[in-house]
Amino acid sequence: MNRTTKVSIIGASGYVGGELLRILSRHPGVEIVAAHSRQHAGEYVHRVHPNLKGVIDLQFTGEDPVKVASNSDLVFLSVPHGTSVKITPKLMELGVRLVDMSADFRLKDPSAYEVWYHYRHPYPDLLDKFVYGLPELHRDELRNARYASAPGCNAAAAILGLAPLARHGLVTNGTIVVDVKVGSSGAGGKPSPATHFSERYGVVRPYSPAGHRHVAEIEQELRISSGRSYTIAMSAHAVNIVRGILSTSHTFTDSGNMDQAKIWRAYRETYREEPFIRFVRDKKGIFRYPDPKIVIGSNFADIGFELDPHTNRIVVLSAIDNLMKGAAGSAVQAMNLMLGFDERTALDAPPLHPV
Amino acid sequence: MNRTTKVSIIGASGYVGGELLRILSRHPGVEIVAAHSRQHAGEYVHRVHPNLKGVIDLQFTGEDPVKVASNSDLVFLSVPHGTSVKITPKLMELGVRLVDMSADFRLKDPSAYEVWYHYRHPYPDLLDKFVYGLPELHRDELRNARYASAPGCNAAAAILGLAPLARHGLVTNGTIVVDVKVGSSGAGGKPSPATHFSERYGVVRPYSPAGHRHVAEIEQELRISSGRSYTIAMSAHAVNIVRGILSTSHTFTDSGNMDQAKIWRAYRETYREEPFIRFVRDKKGIFRYPDPKIVIGSNFADIGFELDPHTNRIVVLSAIDNLMKGAAGSAVQAMNLMLGFDERTALDAPPLHPV
Amino acid sequence: MNRTTKVSIIGASGYVGGELLRILSRHPGVEIVAAHSRQHAGEYVHRVHPNLKGVIDLQFTGEDPVKVASNSDLVFLSVPHGTSVKITPKLMELGVRLVDMSADFRLKDPSAYEVWYHYRHPYPDLLDKFVYGLPELHRDELRNARYASAPGCNAAAAILGLAPLARHGLVTNGTIVVDVKVGSSGAGGKPSPATHFSERYGVVRPYSPAGHRHVAEIEQELRISSGRSYTIAMSAHAVNIVRGILSTSHTFTDSGNMDQAKIWRAYRETYREEPFIRFVRDKKGIFRYPDPKIVIGSNFADIGFELDPHTNRIVVLSAIDNLMKGAAGSAVQAMNLMLGFDERTALDAPPLHPV
Amino acid sequence: MNRTTKVSIIGASGYVGGELLRILSRHPGVEIVAAHSRQHAGEYVHRVHPNLKGVIDLQFTGEDPVKVASNSDLVFLSVPHGTSVKITPKLMELGVRLVDMSADFRLKDPSAYEVWYHYRHPYPDLLDKFVYGLPELHRDELRNARYASAPGCNAAAAILGLAPLARHGLVTNGTIVVDVKVGSSGAGGKPSPATHFSERYGVVRPYSPAGHRHVAEIEQELRISSGRSYTIAMSAHAVNIVRGILSTSHTFTDSGNMDQAKIWRAYRETYREEPFIRFVRDKKGIFRYPDPKIVIGSNFADIGFELDPHTNRIVVLSAIDNLMKGAAGSAVQAMNLMLGFDERTALDAPPLHPV
Amino acid sequence: MPIKVQCQECGGTIAVPDDALPGEIVSCPDCGTEYEVVSVDPKAGRAELKPAEEVKEDWGE
Amino acid sequence: MPIKVQCQECGGTIAVPDDALPGEIVSCPDCGTEYEVVSVDPKAGRAELKPAEEVKEDWGE
């Protein structure tokens, strides 16, 4: 296959940008034509992403994103939310395909931006043009889509675990507690006093016990996939790892649903042929439930559950590598669908273990 | 002060045993007369607890625990549950004071042992003789008590955070989600394939998503301190640290209770003079909520909360060093009360930071 | 390409075995016909290597290694040293190609086994049949070789950094200090009290300050590649990571060699076209010298150096992923040469960063 | 005892400053009258040092250091080198006692500042007024000294391990390789891109392979204590921990000195009554050589060695907590001597384990 | 098409953009040495560089 | 009262229990060398030790 599709990345100096570069460097169907960075324009990509030395021989460009996009077939935007919304509409005018990593085009309801992101969305009518970039839930829409919006990393973990139960009516209490544990890379590459190693090492830091912005997209996607409304009670914690997320979702149900077979069925029916979903639930061995440790470097989402008869609770556990399935991996999977490639292209690296 | 009270430790080669030795080595009122271990009898204490080299000049004894106890004024038992229940009753016959670290005498209701520990308690009538060893909730009973039962480490964290809200009627939904993140030392010093460094490093491992045994004592203590019944929906996760616990308790309430001042008042009234409770809730700085990182090496329990108006939720965060406030620290605090020492004796080491 | 070469792995339940499985699962030219384990015979591979769930659908076999080998074109032995020497000679009789991961066939001089491994080698005349499996130093011999012996992980790191200097006469003092820092996976998957997470976490543990067995092969390979004799003064330390090795080699030279250009030239001449050698030496940025962090998951060996005019010292730094370039990666690279594949096949995954 | 000596700290918002506050809060003979910080003037100490909440009830002062000093009996300066030299001479005019944590008054030879610190020392005649603050080597001078200069953290580790051998003539080769592994807190509390958690986690980063400034003081102190000259070939590595240093010193000697008893004797004679030196060398158990893990939180320096007959090498291993024995601990020990307190006051906390 | 120039310090290959302007700073991908562009001749595929003055950046540890 | 004996290897002080029996193994707290108790005389406060045969224990890394 020759690399005929030209892709570029705006925000290529960030962690998601670096992961996109890493994945795409091994994609036989695309050519990376530009890696955009304001701060590192002119520098070798490997100075910022030292892993890519000897892998990608490219220098960052500081050209205007519009100029960059005009030479591309598809553009990834891995810039902060609030920034994408200023760039994306201009790129849409060029007719180029887009995958936006930020939150700026994830929500369908414009008013949700005011509630959760505290800004008034300037382009409410563009929201419908974007497909929420979780292939497991929106595969058909993604095929041949022009615009996709990659999921939030914590949201991706939670949604993938919960959607099957929601869809099959197995959660009967409307409020779901989503307790997330996430590594440092989820917060990006920008240093702050709170990310100084000596201060960040060894923490179990509740960085967003309430008001987490991903609530909006979790509620949206559960509603879309089940036709029912759920309220998400979410808390997020930073833990002592770099990559990886574990989402523990505490759902409550009727006693009749406290039935393993029923739950297994819901998962299997939803994810029957999914190339990147694994069920993890073992009675022996060391890894009996999902754990981010065993998905590192891969696009897998591991899902498992446990029943708590004491409280009629189904505990849903889902683990992903936030930079892969939680960001660049899902984005490339979406791109593959948009461009007609085999969905798994460039995404089949097995996870590392031990690591 | 001369060291007049003779104390010994059964299970002195374990992690809680080592922590008791470390604390007691600096206690001016007690003399450690025996450190019991079956496996290490005859060996220097510092071979197992290398930190104590140059601190404690003692060899483990393999003598029968009854013999050990007969030369002691007070005995700590830091042995596994199921083991204590075989030893403790014999020691009680000697009239010696006891602090049991295991779960065998924590629960008041004998039938709870069948439900949660899967054994039938052989000495149901002894249960009432033990005071639950959290001085913050049972100070008066501990003064002059003969027998105390130190709390479970995860339980201690959860109870200290929740009791004030329960007591003040601020939790109106009967089911509380307790999502715990704990370091490896909480599981003791015995190696297993699952604790092999390469397998345990970097995990966020859901080791007990349901059926955690500490549910029993959390429910018991909330009931005792509030007069109301709560159902605990608990999940515990092993994280990439050695010491420390963060408990995130998700409680639901009436909208009228979503009031910071009310909640602060509940905490202050309950813990007004407590030497080891700190409130952590800041709008600036790096540590805005409790985090085990900043209690390491100390007997502090840090408590904080956040309000989630989206779900009428009060998120309670509590952080302790599991070997201190979650075990040996609380135990020595209980001992101090039992023996009439100043409660803080030997427990005033500030936490380390950064660490 | 169809997977025509049949390979099997003896010792497939270990860490090196798991890494071989991971790499080979993506090799288009080979078929994994057997994964041997005594302890896990009959179990799914993914129960021991949870990362490989959904990647490899295979069960361990407990068949006799000779039987296994008789159905294979090439066998990897990733068993402990002392064990390989009992199995390998029997397999050689079958005519199958072999790559041995252990030390049993690395040394050319049989008497060295007595000095460094404390056993008398039972098959001294077989030693010459094995090529030392570092393609950078023995590429031509490996092409079409029948038997290769993969390098020791610490040795690989040190040798790759030192050979160019030795070969170009840039080290004039015969004694080289090799100070190695290595992650836990270098010690394999077998638990011991010393690898219990609570004891192993956070260490800088000098586990072999003198007498390290890899001295023998480092001295051998430097001698072979330079024609001169060097004495290696080696100390190895276990550090707080799972994967990765940094070797710091302190070499002393004449002042005339304290010349960057000369040293660069030696490295470039030796490694001109090497696909897996990278030079890391930067004056800006975060990663200025080799660091295992930026090779994780890849087959790269990163090499750099610094001059110390105060002591006429050239400090050589080399970093590898011990399970890749230090074991399975080099082994598959050797296999590719032995079987006539492109050397890089299945080995081109870029390292992860951040991780 | 009432707290009669007034001490203050300039640079109290840094890591060494925080550690001084932590130690001194438990010192019965001193009162902390001022904690100076420019950036945090007016803020509570516990906002910057969250561990000290409930321990020290003080706000940082932004007053001029001269003013601060004029109300103090003794001042600690824990500011960067180059900064101390601007403040210290003014404080000396006040007659106040000083303990300087920086390098500005550690070296006796003014010209060494040009070589190693790249600045011309503006007060060369003040250098002799400072005692190098390692009580193990300068106890008598420290008693009643007015000015002390605390050692560099890496230097302290290396010197304590090497001085006894140097003093007893057991190192006959003039060049000693000092290979240091240090935690992140050794670099202080100021964030930089290189200390961003995602970039710093999991590294074995050679941050100073040559030209390390502590060479100067190690050479000075070995010369002073042995009367002989040694050349130090030093390389320093940042490893994946926050606290702690392991120094591995590779020394070469005559074969006649390859004698354990001789070496033990040298150590015992030098450190016979030292309260904070421990010898760590065991043939069994988990901790056989010094390891920073087992000194965390304490003022101990652990020292051990191994013989390498292959190279006539004595490998010296020394481990300290860089913020304690490597900085604030030694400084308070020096202060105790200067003020006539028992040397161990406030420094007797045992290390934590496991941690 | 960037112009390839050999680094004087380490022998690495520096990629100089063919539209680089005199005075611009480029650096060696292998050793990080910085050079100032003196002139670029895109047609001949040649560029002249001279070592740039380097500001020492503190690395923090 | 344990009897103090000096270690032949490192000069450390070994505490021999005054009720130790011949054949019992004691070890040095500083260097870990193991000794076999030959005889103990509690009244004189003396104990005789001889180096024990050591089984090499693998440390695992």
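Order of writing sets the chain letters: A, B, C, D, E and F. Residues in each chain are counted from 1.
Note that a residue touches a chain if its C-beta (ideal position, glycine included) is under 8 Å from a C-beta of that chain, and two chains touch if they have at least 3 such contacts.
Labels paired with UniProt names: E, F = Lysine Biosynthetic Amino Acid Carrier Protein LysW.
Everything numeric in this text was worked out from a predicted model, so none of it was measured.
The chains in contact with chain C and with chain F alike are B, D.
Separation of chain B from chain F in touch steps, taking the shortest path, is 1.
Ranking B-C and D-F by contacting C-beta pairs places B-C first.
For the touching copies chain A and chain C, the fraction of interface residue numbers used by both exceeds half; the interface is of the same-residue type.
Separating the centre of chain A from that of chain D, both taken as means of CA atoms, is a distance of 46 Å.
Distance between chain C and chain E, defined via averaged C-alpha coordinates, is recorded as 36 Å.
For this pair, chain A with chain E, the centres built from the Cα atoms lie 38 Å apart.
In chain F, the residues that touch at least two other chains are 27, 32, 59. Residue positions 15, 47, 53, 184-185, 189, 193, 198-199, 201-202, 241-242, 286-287, 296, 354-355 of chain B each touch two or more of the other chains.
Across the complex, chain C is touched by residues 175, 177, 179, 181, 193-194, 198-199, 201-206, 209-211, 215, 231-233, 235, 237, 239-241, 244, 246, 248, 250, 252, 286-287, 289-293, 296, 304-311, 313, 315, 317, 319, 354-355 of chain D.
For chain B in complex with chain C, the touching residues are 15, 184-185, 189-193, 195-202, 241-242. Across the complex, chain F meets chain D through its residues 9-12, 27, 30-34, 54, 57, 59. Interface residues of chain F, counted against chain B in their complex, comprise 15, 17, 24-27, 29, 32.
Partner chain E is touched in their complex by these residues of chain C: 260-261, 264-265, 268, 279, 281-285, 288.
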